[in-house]
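Consider the two complexes below, in which chain A is the common component and chain B and chain C are the respective partners.
This part shows the complex of A and B:
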C-alpha cells in the first residue's frame, strides 16, 4: 500500500505526496500547514512550467474539465483540492512573489511567475536579437502569438508588458503606440 | 562471574586479570587459576586475530556481522561495553568510524523527515533511507545495526529512542517530547491500516470512549504535529493520517 509517484497523461511526474489523501486538505497544524503548502506551491509552479500555463483561478478548483485537473484532482484516491484551500494557496504565492493577482484588485485569478518578470525580459530580448528583429516595430500580439512557436508563445499581455517595462529601464526596449494596440521596438542590449 | 551481563573484552586487560584472579585464587587452586589465565589470554588473542582477519566481512556482510554479534553475546562479551570510548568495536575493528558514520546518517534522516512525520519514523523506512544515503542495497544495513547505533546516540540527550508499537513494528523517536501510551496505541493501529486512523477504530478495537479517542487524535494533530487531517474521507468525513505509519516510495 505504498504511496508512489505517478506520471500523468500529459507526461508530468507527480510526487508521491500527491497520492496521500490528506494532501488535499488544508491542515490546521501550523507547521504541517507550512510544510504541505510549500509542496503545493512547488507542484503548481512545476506543472505550470511543464504545460506553459500562466494563469491559475479559483474556478479551476470549482469546475472540473479545466487545464489544472491533473494537479488539483486525484481521481485514483477520489480527492480534490477545495476552492477555499486553493484561494489560500494563491494568497500565499502572491505574498511570496511567486504570483500576482491579475487583473489587480481581485483575488480569483493569479498570474504565475514560474519565470520571474526579470527572466522573461532576458528571454524576450534574446529572442528579438536571435530572430533579427532589433530596431523593428512589433505588436504585442505578434510576440505572444507568433506564427512559429517561440519561447514567448502564449505569454499573457500583462506579463509581456512587465517584461518590456523592465527592458525599457535599461534602454533595451521602448513601448510604442500602434494603430490597433501596443507595440514595442527592441534595441541592442 | 556473572554470565548474563556482557563483559567488555577490555575487562581482560592484564591488570584487571591479575586483580580478578587474586579474588578468585582463594576459591580455586593455583593450577586452575593459571590454566584459566592462560586460556583467557589465548582466547583474547584468537578473537583479536579473528576480528582483524574478518574485519572487512564484519563491516560489509550483515549476516556475518550478526553471527559475530551473537557469538560475542553468547560468551558474555558485549562489544559496545568497555572503558574505552566506542568499546571493543572501535579498538579491534576500527568500527568506531563506521558506527559513528551510521549514527550521523540516522540523525540526518530523522531531522530531514521531522517536518513530515513530527519526529517519529518507522524503523523500516529509516533503514531504507539510511541505506539509500550510503548508496548500498537493502539488507547491507540492518535494523539491528540501526538499533545498536541509536544506543550510542543516547548520550546526546536528544531523545533518540526505539519504540516497540506491537505487531512486530518499531518506530524511532527523535524529538524530546515522549509519546504517551495512548499515542503509542494510535501508532500501532495506524500501522495496520497503512497510516489511516479514525476514532471508530480506537473505540471498536481498543474499547476507548469517544472522548478519549477524539482528544488523543486532536492532540496528535494540533499540538504535536504527528498526523495529518483528511476532510474528504468517504465514510467518516474526517480521518487522520500518520505519516510515520505511511509507506512512502520516494
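This part shows the complex of A and C:
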C-alpha cells in the first residue's frame, strides 16, 4: 500500500501516516503505541497551529462536522479515531504539558498548548511593545479581540491569563482590576 | 388330632430352605417317612420327606406337596421316644407334645404373615428386618429390647408365643397364664358377633373383614375377628371343621415319624440335638446363623429354661452387636482382598508370558523374513539369540523358527484380543523402577503417539496425533494419549514432566510452547516463533494486509491458535493491527469486528506532513 501525503481543502498538508489504517487503531503493543501516539500529538498540534484551534474535545471524535474532521477522520481510507483513543491521547498530552484540561476537573476537553504559556507571554509582550501599548491599561478583550488581526486574536482568556501571570512574575505586566472586569498594564521588560 | 393342633399347613412345593427364618438353620432331611397322628396312621401323610431345622419340623408330601405338607414348631415337643423297629414294623420316632402349647385351631398362615413384617424398635428406632423366627422377631435385633407389648399383643397371641416369651417365668405362673384363654386386648364385644365387618376401636367405623387397619383412621383393627375370618378362608378343605373337645388325652398327644426307608438313627440324633439346643428361645440369635450346625455341639448341657436375658441387651448389647458385625465384615473383606491379590499375581504372570511370546514372535518373524526376502517387517526389538530361544518355554512348540507370518499375526491378534498385546502396551510405573527412565519411556511412547509408530503396521505408515499438522494443542495431545493408553492414565503433572524429553525421541523434534494466554502447544520447528514470524512477514509483504482468519487458512491452523501466534508477533512490534471498529462506514461493531494485520512500518516513519 503506497502511503502518500495529502493536502486538505484548508491547505493543511497531511502526513502519509494519516493514510495508514493502523494509525487510527489503538495498538496493544506498547512501543508501537507510544510511537503512534507521538505522531498523533504532533499532527494535532500542527493542525491546531495551522487553523488556530485552541480547544480539542472528545466530542470532536464522536460527532462528525467539527473543525477537527480533517485529521480525526480519513474518508479516503474509511477510518476515524475512536473517542476512547482520542481521550487517552488527550491524557498523554496533558501529562506532557502539551495541553491542559480546561476547565479543570474534567477530561473531555483540553486547551492545547501549541505554544507554551511562556511562548505566549513573549508573543504578548512583543505585541504590546510593537503596537506601543506599554504602560497603558488594556482589558483582556482588547487583547483577544483586537481591531487589527494579531497573533493573539482568538486566544482563550484562561491561556491569556496564564501568559500575563508569567509576565507579571518577571515584572513585565501587572493585572489591574477595572470597572468591567480585569485589565493588564505592560511594562518595559 | 395332635396333627391338627400342633401343625400348620405349608406349601410343600417351596423348597424347605426357602421357608426358613433368617436365624434358622436346616439340619437334616429324610425321605420315605410316614406320619402317625397319635397312635393311628394319618392317612393323608404316609409318603413324604421330613426336614428338621433348629426351630421346626417340616413334612413335605411326595405326591401332593401343596395340600399335605405341614410344619411344626419344635417347642411343642416335650420328649421323644425312639423305637428301633421289629420285623415289618419300621423304626419310629415318637414326639410327645406339650398339651399347654397347642395352637388354637384358628392359627393359620394369616398369622404367619403378621410376623413376617419389618418393624421399628421403639427404643432405638432400629428397623428390624422381616424373616426372623417368631422368638427372634419379638426382640429388637440391635438393642435386645422386646417389641412393644401393644404391637405384639394385637397379633392375636397364641399360647405358643406366650410360652417362649415367658419361658423364664416359674412353671406355676406360666401354666396359669397359658391355660387361660387368649390374653390379647379385650376386643369390643360388638366386633365378635358382627360378621359383616370389624368395628374400629377408635372411630367405630365398620371395616371390611379383610382389612387390618381401619380404612378411616388407620388404627390397627382387633385381630381376633380377623383371624377367625382367615380360618374360614384358608383352612385346608380336607380338614373338616368340627367342634373340638377341649379334653385331650395326653397319651394321644404325640406324633410318630415312621422311617420306612431307614435313616432313622442319624435323623433322631439331629432332632435330639435340635431339641436340646432350644434355638427357638432366641438365646443364641445371631450366632446360630453363622456358626452353623456345629454350633449345636456347644449347647447348654442343662436343659433348664434359659432366661431370655442371656441375650445381651441395652447399650452393651448394641456395642457387642456392632463389634461382632464389624469383625465379620473385616474378615470377609480381608478374604476378598487376599483373593484379589492372588488374582493380580496371576495376571502379572500372564502379562509376562504374553510379553515373552510376543518377543519370540518378533524374533522369529525377523529370522524367517530375512532368510527369504528383504525384510518388509521393521522390528522394534532386537532379535534374541538362538540360545535364549532354545531355553524359552516356547521353543518346544512349532512356533519359533518355522512360524509363518500368518500364524504369527494370528497369535498376535489373539493376544491383542485378550488385552495382552505388548508392542504398544502402555508403559506403567511398575514396569520401570527408575523414575528418570520411566519419564523417558513415556516420552518415547508419546513420541510414537504423536508421529505414529513407524513399525506399527508393516508396510503402512501410520499417522499419530499430529497427522499432517505441525502444531497441536496440549490438551488434545493429553486426551488422545490417555485415550490410547486406556489404562494407567497419565496425570497432567507427569505429562508436563515428559514434554522436555520429547525432542530426543521425535524427528523432526517436537517442542512445547506456552503462549501468553496460557495456551500450550506442541509443534515442529516450522512453527517456532521465529520461523512463523518470518512467514507472516512474508505474507504481509506480498499482500499488504491480512486478517486473522486469512492467516489461519494460509497456515492451516485453527483461528484461535493463529490468534495466539499473531499476538506473540504483535508483542514483538513486527506487525500492527487495524481494527475495523475504527471504520467510518460499515465495519464491525463490538466483538464481531475483524482485525487486519499489516507490517509495522511506523517505527521507521519520518514525518512528512506539515510542520
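Everything below uses one rule, namely that the second predicted complex is superposed on the first by the 188 of 189 C-alpha atoms of A that agree within 3 Å, B and C clash if a C-alpha of one lies under 4 Å from a C-alpha of the other, contacts with A are read in each partner's own complex, and residues count from 1 in each chain.
The rule we apply is simple: a residue touches a chain if its C-beta (ideal position, glycine included) is under 8 Å from a C-beta of that chain, and two chains touch if they have at least 3 such contacts.
Just so it is clear, the model here is predicted, and its values are computed rather than measured.
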Three-chain arrangement built on chain A, chain B and chain C clash or fit: clash
Partner chain(s) touched by A:73 [first = chain B, second = chain C, both, neither]: second
Touched partner set for A:149, first chain B, second chain C, both or neither: neither
Of chain B and chain C, the chain that contacts the larger number of chain A residues: C
Touched partner set for A:104, first chain B, second chain C, both or neither: neither
Partner chain in contact with A:28 - chain B first, chain C second, else both or neither: both
Which of chain B and chain C A:12 touches, first, second, both or neither: second
Set of chain A residues, in rising order, touched by both chain B and chain C: 1, 5, 16, 20-25, 27-29, 31-32, 35-36, 78-80
Complex contacts: residues of chain A adjacent to chain B: 1-5, 16, 20-25, 27-29, 31-32, 35-36, 78-80
Complex contact set, residues of chain B against chain A: 115-116, 194, 221-222, 225, 228-234, 239, 241, 246-250
Complex contacts: residues of chain C adjacent to chain A: 544-545, 570-573, 576-579, 581-587, 596, 598, 600-603, 605, 607-611
Interfacial residue positions of chain A with respect to chain C in the complex: 1, 5, 12-18, 20-29, 31-32, 35-36, 39, 42-43, 46-47, 50, 73, 75, 78-82
